[in-house]
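Submitted below is the structure of interest, expressed as structure tokens.
Chains here go by letter, A, B, C, D, E and F, matching the order in which they are written, and residues are numbered from 1 within each.
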Amino acid sequence: MRILLINPNTSEEFTKRVQAIADRYAFPGTTAVAMNPTAGPRSIEGIYDELLSSPGTLELAINHMNDFDAFVIACYSDHPTIYALREITEKPVLGIAEASMYVACMLGYSFSVVTTNEEWEPLLRDAVRHYGLADRCASVRSTRMPVLALEESSPAETTNLILKTARQAIDEDDAEVICLGCAGMAGMDKELQAALGVPVLDGVVCALKLLEGLIGCGVTTSKKRAYAQPGHKPIIGLPEVFGTVYR
Amino acid sequence: MRILLINPNTSEEFTKRVQAIADRYAFPGTTAVAMNPTAGPRSIEGIYDELLSSPGTLELAINHMNDFDAFVIACYSDHPTIYALREITEKPVLGIAEASMYVACMLGYSFSVVTTNEEWEPLLRDAVRHYGLADRCASVRSTRMPVLALEESSPAETTNLILKTARQAIDEDDAEVICLGCAGMAGMDKELQAALGVPVLDGVVCALKLLEGLIGCGVTTSKKRAYAQPGHKPIIGLPEVFGTVYR
Amino acid sequence: MRILLINPNTSEEFTKRVQAIADRYAFPGTTAVAMNPTAGPRSIEGIYDELLSSPGTLELAINHMNDFDAFVIACYSDHPTIYALREITEKPVLGIAEASMYVACMLGYSFSVVTTNEEWEPLLRDAVRHYGLADRCASVRSTRMPVLALEESSPAETTNLILKTARQAIDEDDAEVICLGCAGMAGMDKELQAALGVPVLDGVVCALKLLEGLIGCGVTTSKKRAYAQPGHKPIIGLPEVFGTVYR
Amino acid sequence: MRILLINPNTSEEFTKRVQAIADRYAFPGTTAVAMNPTAGPRSIEGIYDELLSSPGTLELAINHMNDFDAFVIACYSDHPTIYALREITEKPVLGIAEASMYVACMLGYSFSVVTTNEEWEPLLRDAVRHYGLADRCASVRSTRMPVLALEESSPAETTNLILKTARQAIDEDDAEVICLGCAGMAGMDKELQAALGVPVLDGVVCALKLLEGLIGCGVTTSKKRAYAQPGHKPIIGLPEVFGTVYR
Amino acid sequence: MRILLINPNTSEEFTKRVQAIADRYAFPGTTAVAMNPTAGPRSIEGIYDELLSSPGTLELAINHMNDFDAFVIACYSDHPTIYALREITEKPVLGIAEASMYVACMLGYSFSVVTTNEEWEPLLRDAVRHYGLADRCASVRSTRMPVLALEESSPAETTNLILKTARQAIDEDDAEVICLGCAGMAGMDKELQAALGVPVLDGVVCALKLLEGLIGCGVTTSKKRAYAQPGHKPIIGLPEVFGTVYR
Amino acid sequence: MRILLINPNTSEEFTKRVQAIADRYAFPGTTAVAMNPTAGPRSIEGIYDELLSSPGTLELAINHMNDFDAFVIACYSDHPTIYALREITEKPVLGIAEASMYVACMLGYSFSVVTTNEEWEPLLRDAVRHYGLADRCASVRSTRMPVLALEESSPAETTNLILKTARQAIDEDDAEVICLGCAGMAGMDKELQAALGVPVLDGVVCALKLLEGLIGCGVTTSKKRAYAQPGHKPIIGLPEVFGTVYR
């Protein structure tokens, strides 16, 4: 099976990390490829950035729609392209935030998300509520480190900041599982897990493995109602490719 | 005061209707202008369409940011540009769905939304939950008429279809207030209200009047946390104007 | 248009403040009049006081029902006369607590209420849940100052106490908007807003401006079900005026 | 022990029925007395009526406060005097709606309320949510019979209407327990239970028996926070007795 | 009336305490008997222990089904035998956790549970949600003392630990009522109540008194749907008594 | 990797079906083995049956704990042994109901469960709420066919009954995904999916594939708090093996 992991920002450094994770965790029969769009912001720190990243992300997905069996949106958010892709393909699509939160609920009674800058806190609390998991979420805490600092800062410093924040979640908020709340933290899970003594989830890994499972189940996105293929309508001022997916 | 009503699709027919409503309902001191982007889909029937409409909508808003005191997103949905605009300006921003639902809660115990095509039902139920108003929403029902049929079909036929659906909401679901669930229904509220005997809300009217009120209150969007101005980051492959709003 | 703002307690000092606010914020075409009943407690600090204030409040409203287009109950609570008035008139009615909370949701992701004595905390948490806004409410905090202290204490002292409590809400509870949780705080919003750097909402202002908007929308309270005009029944031992509003 | 059951309306017919029930169900050591205020509406069909019934109800309770160990508000609603009494006495207080709903949750997974006129439906749905029992409430259905018809109509006719409505709740809404949603239905429970084959709860009976239990437990209303004794304040234009309960 | 209080663990010390409480609080006409199964764990500290205690508990209940009018499961948890017993008898059944939480809601706006070891915190939070009372529960706090320490430790030490934890719940979490979260704390309520100044609930007392009330109401468990008598099916490898209760 | 699928009832017919499914869907590197306990009821139709099936299920799991990497409880319910096993091992454990519901949320906005006898409806609604997925669950519907009829009835008859019930869920309740609500329906999913045109989920398949994914992620059950290894305590009257897993 073939899985496309789309990093929706334009940081090639992040894309490389996602590819490295995919290479390490894919089952033998899985080809997992990480890509990023050629247009959009270098990092995503809110809904404005999400929307700027969306056309490039959708274009990338449409151009590769026939080459893959499933799609990951590798941004730790309730990124709207997850739902847009479900509308235009019946192949399974997963975001890394929802993937890690569902896995967290299978491993403990309550989980916390440790994210980057403060603005992500309300956005991720909102995502938790959207997934219906508010009762299971102990807290969303931020390291208050900007996303792109993950490209640059020394691993030790970053690791320490995440460890400190995760320990507060475990000790003060009663978290039993930690979700790493940024794609830029990909690959740090096992070291943190060893230090913290509770499961630490990398959303990229979770989404990849859940999608392998969904494909193995032989299931697809429902095209009834919410994710029905959208009907044809005229589009102006945008690349023609966007009109090719209408029903 | 000056209010910009953005119809995020590219149907000039819809924009004209929004302008007509704005002209009829604005207070004497209000200048209300309806516009639509020059790029994007002619109608919005799901999240894919919302995302295609977003860059044009944001560009339009940025280009007119200094000319207006408040902004309406005139699409009956939880359109993500509502939140993106709140991030990039402190001037008040309202969507027409949230505006009509808040007003409905001030007028009755329970409201129903009557929308167009069936796919909007789960999307609007999700919006209702997002606004925290699930206990107050009696139902979301669709006429199963595609959005663009509102551009074309004879008024009487459309009115009858909406009346029939609204009566089901009132009689079977216990709705006490009806929200018209499509910007394309703008201007039909008073005739329907007379026929149904319960308040019928036009979201464009509601958003316009609420924003006049918010400006009158002397309040602005909070720039603390959720809607903080996003930090600077490199953008590639997109018009430069998008980078001008970063902090 | 004419709006009656009823201060349901018998503190004329509070009524004067409400009138001052109304004068400052009403649109040119609006006549806004503040009144209080001639019977009842001087302040309202719980449900017992609410009930003692209700007959006088209702009698005042009934006596002026034909002179006004909308009614504000200017007590920061889920005061039951809000609902009673909606039953006996179709003219719009708003409480100042619900008004400020709806406005808060249009300006930020989460709000806190800063109220007076400790007993209001559970009552206002209950009101928040009643309006369906629990997910958006960061906290309800009290200054632990009795309501009537607002009549007497020096402004600077009161302001400092509110500032301190609001800062805790912003820093510890992640509030993005502050609602002033007592009618006696009317007029303090802009000074606090300047000091805190987030929107601070005066419920009297919010209710007045929302009602101007609702009247401008041409909408009325639904008389279907919840707020249907109550049917005739014999009343004994109460002023006859109370029986005049039955269907 | 001595328990006062206050019928808050002024229908002596209803008070007699409550007294008859109390006589039949009280434990040997219990003296249960039913009374009604001398001022207020003959029936209660909404919040306006609740408020008109409140001063008389409170005055009655205050005048007999030392003579009884616990108080029932015998109106099937979330009557605000329940909470007002909890503020002014530490003796246990129960409403008949909450009493029957708690008992229902001990006997089945889901219950329905069968009430009188249609306007009670949204009010009782709201009460259910207030008690946190929305997940357990299958439905609130009305016979569409006005409250005072219970004083007059022939028992057989009334019984048949309630039976029909209860059967719809059981068959269509999956109710497992039926709560009789009006004090005027007091005494009809056992006949209906025999006909329906599921438990049928009379709120007057439930409240009486729960209060005997609470008194037997040796517990009282908490005077910490929500139900703290209200502080002294001037009252004007009302009987002096209302000022005697302040702290 | 005759009530069987089953301590589902095999600590005879706990059973004696439950019997002592029952003797002290039962109405004159009530025979209340405490028993424990002859097989199972000496204490219950999680779901594994609950399941080990279940066969013995069910066997005990079945063997005494005809001798009693109602059953208490005297373990402070959402013990699954509560529901199993409701399936196999129509006589009322109550757990001590649900009993104390319902009583708490009749006495204050918010309650906290003070339990023993830390693992009970998530389990009891889950129980609170299951009963629909999450909005009313201020907190679940543990003394971090293992259950069996209650058999051994000196009363003063235990009392102090509970007092300290309860005071945190009152002062930091706004609890207005305290529920003692372990059957092993039976009999400590009145001393703690005197020290804390808020109601302190012993679940054994609450369950006993509620059941006396339910029997007095003349009601039984609904046998419609959730608690329908289970249908006959072959059982292998278990005592034959278990097959005798099938329909 | 090695996965043990425990059918907790004693129907060898059901176990064979689970084994057949496991054989068909396991990845090449997975050894999946289905077993059932040697003591307990032949089918599980409520909580009483769940508890009778628990000792045998736990004993089977403990005896094979070192031979497998993960465990499935193959009963479509919130079977308490799921949680008990999580307490006594850190190897991942999944129930087939939760597995299929999480997968459903990845494939559509709303799902329905089609189960067997009517008593499962409230039990599975309760499970849905327990998992936090109430907003996503369109309905739980039963075919009203007893569980063991699945052992006997002709496939065509069973299929038709499920099809009819699933179509009601899709047409009347707006379900977009169907979950087969009984382990005895294992293997019927693909035929039903072809007939219904929406995804149909077999919980056994979902649990197996999710567990392969979890093992692939390198994660285990959190042993912090909820699922901490239970502490040692004396057990009497039960096989000694039950005492071997205490901490």
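Keep this in mind: contacts are C-beta pairs under 8 Å (C-beta built on N, C-alpha and C of every residue); 3 or more make two chains touch, one makes a residue touch a chain.
From a predicted model like this one, the values you see are computed outputs, not experimental measurements.
**Student:** State which chains count as neighbours of chain D and simultaneously of chain E.
**Tutor:** A chain counts here if it touches both chain D and chain E, which gives C, F.
**Student:** For the sequence-identical pair chain E and chain F, determine the rotation angle of the Cα superposition and round it to the nearest 5 degrees.
**Tutor:** Superposing chain E on chain F takes a rotation of 180 degrees, nearest 5.
**Student:** Centre to centre, by mean C-alpha position, how many angstrom separate chain B and chain E?
**Tutor:** Those two chain centres are 52 Å apart.
**Student:** So how far apart, in whole Å, are chain C and chain D when each is placed at the average of its C-alpha atoms?
**Tutor:** The computed centroid separation for chain C versus chain D comes out at 29 Å.
**Student:** Report the inter-centroid distance (CA atoms only) between chain B and chain D in whole Å.
**Tutor:** 44
**Student:** Please output the residue numbers of chain C that touch at least 2 other chains, ranges allowed.
**Tutor:** Residues 109-110, 121-122, 126, 129, 134-135, 174, 176, 225-226 of chain C each touch two or more of the other chains.
**Student:** Which chains touch which?
**Tutor:** A-B, A-C, A-E, A-F, B-C, B-D, B-F, C-D, C-E, D-E, D-F, E-F
**Student:** Of all residues in chain F, which touch chain B in the complex?
**Tutor:** 109-110, 135, 174, 176
**Student:** Which residues, counting only chain F, touch chain D once they are in their complex?
**Tutor:** Of all residues in chain F, those touching chain D are 121-122, 126, 129, 134.
**Student:** Over in the complex, which chain E residues touch chain F? Could you list them?
**Tutor:** Listed in rising order, the residues of chain E that touch chain F are 10, 37-43, 45-52, 54-56, 58, 80-81, 83-84, 87-88, 117-119, 121-123, 126, 129-130, 146, 148, 225-226, 228, 230-231, 233-238, 242, 245.
**Student:** Report the residues of chain F in contact with chain A in the complex, numbered from low to high.
**Tutor:** Of all residues in chain F, those touching chain A are 25, 27-29, 92, 94, 98, 102-103, 105-110, 131-136, 170, 174, 176-177, 190, 197-199, 201-202, 205-206, 209-210, 212-214, 216-227.
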